[in-house]
Amino acid sequence: MTSAHAIPLLQARGLSFLRADEPVFGPLDFALHAGELALVEGDNGSGKTTLLRLLGGLLHVGEGELQWRGQGWNRDARAGEVLFLGHQLGLKMDMSPRENLHIAAGLHGMREGRSAASVLVDVGLPGYEDEPVRRLSAGQKKRAALARLLLLPAVLWLLDEPYANLDRAGIALVNRLLEEHIASGGAALVTSHGAVSFHGGEPKRIRMHG
Amino acid sequence: MSKWIPLWLHKLGSPPTFYRFAGTLRPWFLALALIAGAMALYGGLVLAPADYQQGDAYRIIFIHVPSAWMGLFIYGVMAVASFIALVWRIKLAETVAMESAPIGAAFTFITLVTGSLWGKPMWGTWWTWDARLTSELVLLFLYLGVIGLYHAFEDRRQGARAAAFLAIIGIINVPIVHFSVNWWNTLHQGSTVRILGPSKISTDMLWPLLTMMVATKLYYVASLFGRVRADLLELEGGKEWVRRIATGDDA
Amino acid sequence: MEGCGVNQASVSRACAAVLRRDLTLAWRRRGDIAMPVLYALIVATLFPFALGPEDALLQRIAGGVVLVTVLLAMLLALDAMFRSDIEDGSLEQLVLAPQPLALMLAMKILAHWLTTALPLILISPLLAGMLHLPLPVMGVLMLALLLATPMLSLLGAVLVALTAGTRRSGMLLALMLLPLCVPVVIFAAGAVAAAQQGLPWVAPIAWLGAALALALVLAPLACAAALRIALDA
Amino acid sequence: MSQFLAMGGYAGYVWPAYAVFLIVLLADFVSPLLRRRRNLRELRARLARQTARQQRAASPAVNP
């Protein structure tokens, strides 16, 4: 699936981020190819979330170098290729999951053959499509946010604690989404405290400390 | 051109280098500022003759006008430093911009107070909505906005970048404010008082004024250096060179 | 992605999505729209109590009072422009979307203007009437408001974006906005005053229009840049 | 001299103006010096605490 000389999607060399002149993490060196999953491991405060926000493009590169598909790190080159799912889910509480997905699709575009209704069934929210998000449970909100991953086109997923708030079935759902995404040539960076039972091959590991 | 400017700035912009550089030069600037200031005061308060219209009250001009000029000048410096800080992410430029703001605000404040003290005997009122005074007031608010925004952030460098952006917006705003306030003044037939008419100002009055302008500039550099030094120590608290200074290996 | 078709989102669809979202959200919280209007009504009511119900005096200050009242009411609502979007993470998603951020923000500003400034403009004849503004001047006042309020929304949006990374922003926002809105207030109120005195009022309106045209282009770009700075930490 | 201090009857305006000028600039100049002193003092205290911690860690037998 991954050939050694293929150009990686994402390449980091000596990457670090500084806050008040103290490095939050790094220096990190890693490469992520299409069809690869990477787990970002580290304790609380080791900078996992910061790394994901940086890779998403919300933060600037502190020191070191980042490349996207062998090119420079610029916004236009990555446009539409990256999806970020953070602690804040980016859902509007006063709107239904369906409306939220429509907005997201309006901004990002949509994968062929998918619809808001079909992906909501896929993440286990049938019957809740038109319920305002504020009435959903924490786990259901998370599922509504995960539905975005299925609906929107992107090669690289940046998932910050995707397992948080989810029950056993929800965790299985995340793993299934990841496996399908990897199998179809996508890539993902996942931070998590819990163990991941991933069946699509051995994931890469990025250690934040030491 | 676009290559060597950042290179040169990076070299001088390295905090320990600038800390030493500023520490060496600051006493000289301060001494020159004090000498020039003393000369200007002597010339302005003692040597210059009283004005035939305003008597001795006009002597406020020797601090009012240089302060007004410095208020604008420092805003310009702040905006340029802000631009450099935003484009090249140079820490020293951020510091220079943010530490210029209080000095500029101080000079603007002096301008307003001395203007008011001058206005009372001349126009019979402490405050008049004259175009120039009003513009100065708006300038003070611009400074206070920049200072306030800078301190509203927990991360100081992020605060500096946001405030730098505001400073750049502000410098676009300054001429617009000036233009609009002028127009407003003509509309309402406000008191447009010519402090010094088009009549020629005598040399006896001119040289203390110019000397004071030089003195305030030198003072600005001295004050800025002191502030930047204090700031760099704070920002670089964890670094080795600051530690050496703290433990007394260096002055 | 290979083997998987994609319907790219066009810019116009994205604009429509953002605009529709903000308007829908505002509609679902209609009560919030009424607040600035109520506030303006209260402030305008207080003036006659403070200054006395003398017709000539109220007439003289009516234009200025309505303008300043509308400005303050907008300032009140300005703070909320990005607040909920920051709290629930939608702003991050908007920044990361493969769309021109400035254009998306322009849509947000438009939605904000439609939901806060437009109701204020609509009740401004009522406010002006309460203060005995002569009827012929009413048109000029509305025109001035129509040009001045978008300016305030645009300028305000840049400043709100700058304070997006801070906790306390209400008072600070007012302090930052004051120097920027001085020219707007001067020209808008100047036009009304000129019309009231029977002087030509087209020049200040034209200046406002020119400034608005400039702000329409520049403010969203500045807003986008400011937002990237404010989120970068 | 008293004539000079009287400033032609405008002493009440001229001297306060100069006083404000000097006082504001003096305050502006002194504040960073004080800030610098305070920072250095805090930094020294922090360094002292740090070395104390390190010494304690290096000799755990002192406190059984």
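So that you can tell them apart, the chains are marked A, B, C and D in the order they are listed, and the count of residues begins at 1 in each.
Following the convention adopted for this analysis, a residue touches a chain if its C-beta (ideal position, glycine included) is under 8 Å from a C-beta of that chain, and two chains touch if they have at least 3 such contacts.
If you're wondering where the values come from, they're calculated on a predicted model, not measured in any experiment.
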Chain at maximum distance from chain B, centres defined as averaged CA atoms: A
Pair joined by more contacting C-beta pairs (A-C or B-C): A-C
Distance from chain C to chain A - Cα centre to Cα centre, in angstrom: 36
Chain C and chain D: spacing of chain centres that average the CA atoms, whole Å: 44
Chain centre separation in whole Å, for chain C relative to chain B (CA means): 33
Geometric centre distance via CA averages, chain D-chain B, whole Å: 21
Two or more partner chains touched - positions in chain B: 155
Overlap residues in chain C, where contacts from two or more other chains coincide: 232-233
Two or more partner chains touched - positions in chain A: 19, 60
Every chain pair in contact, whichever chains are involved: A-B, A-C, B-C, B-D
Residues on chain B engaged by chain D in the complex (per definition of touch): 41, 45-46, 50, 55-57, 59-60, 63-64, 67, 99, 102-103, 106, 109-110, 113-114, 117-118, 120-121, 219, 222-223, 226-227, 229-231, 233-234, 237, 242-243, 245-247
Residue ranges of chain A touching chain C (in the complex, touch as defined): 19, 56-60, 79-84, 86-95, 99, 102-113, 153-155, 184-186
Chain B partner contacts - residues on chain D that touch it in the complex: 4, 7-10, 13-14, 16-18, 20-21, 24-25, 27-29, 32-33, 35-36, 39-40, 43-44, 47
In the complex, chain C residues that touch chain B: 158-159, 162-163, 165-169, 172, 175-176, 178-180, 182-183, 186-187, 190, 193-194, 204, 211, 222, 225-226, 229-230, 232-233
Residues of chain C that touch chain A when the two form their complex: 1-9, 13-14, 16-18, 20-21, 24-25, 28-29, 87-90, 92-99, 104, 231-233
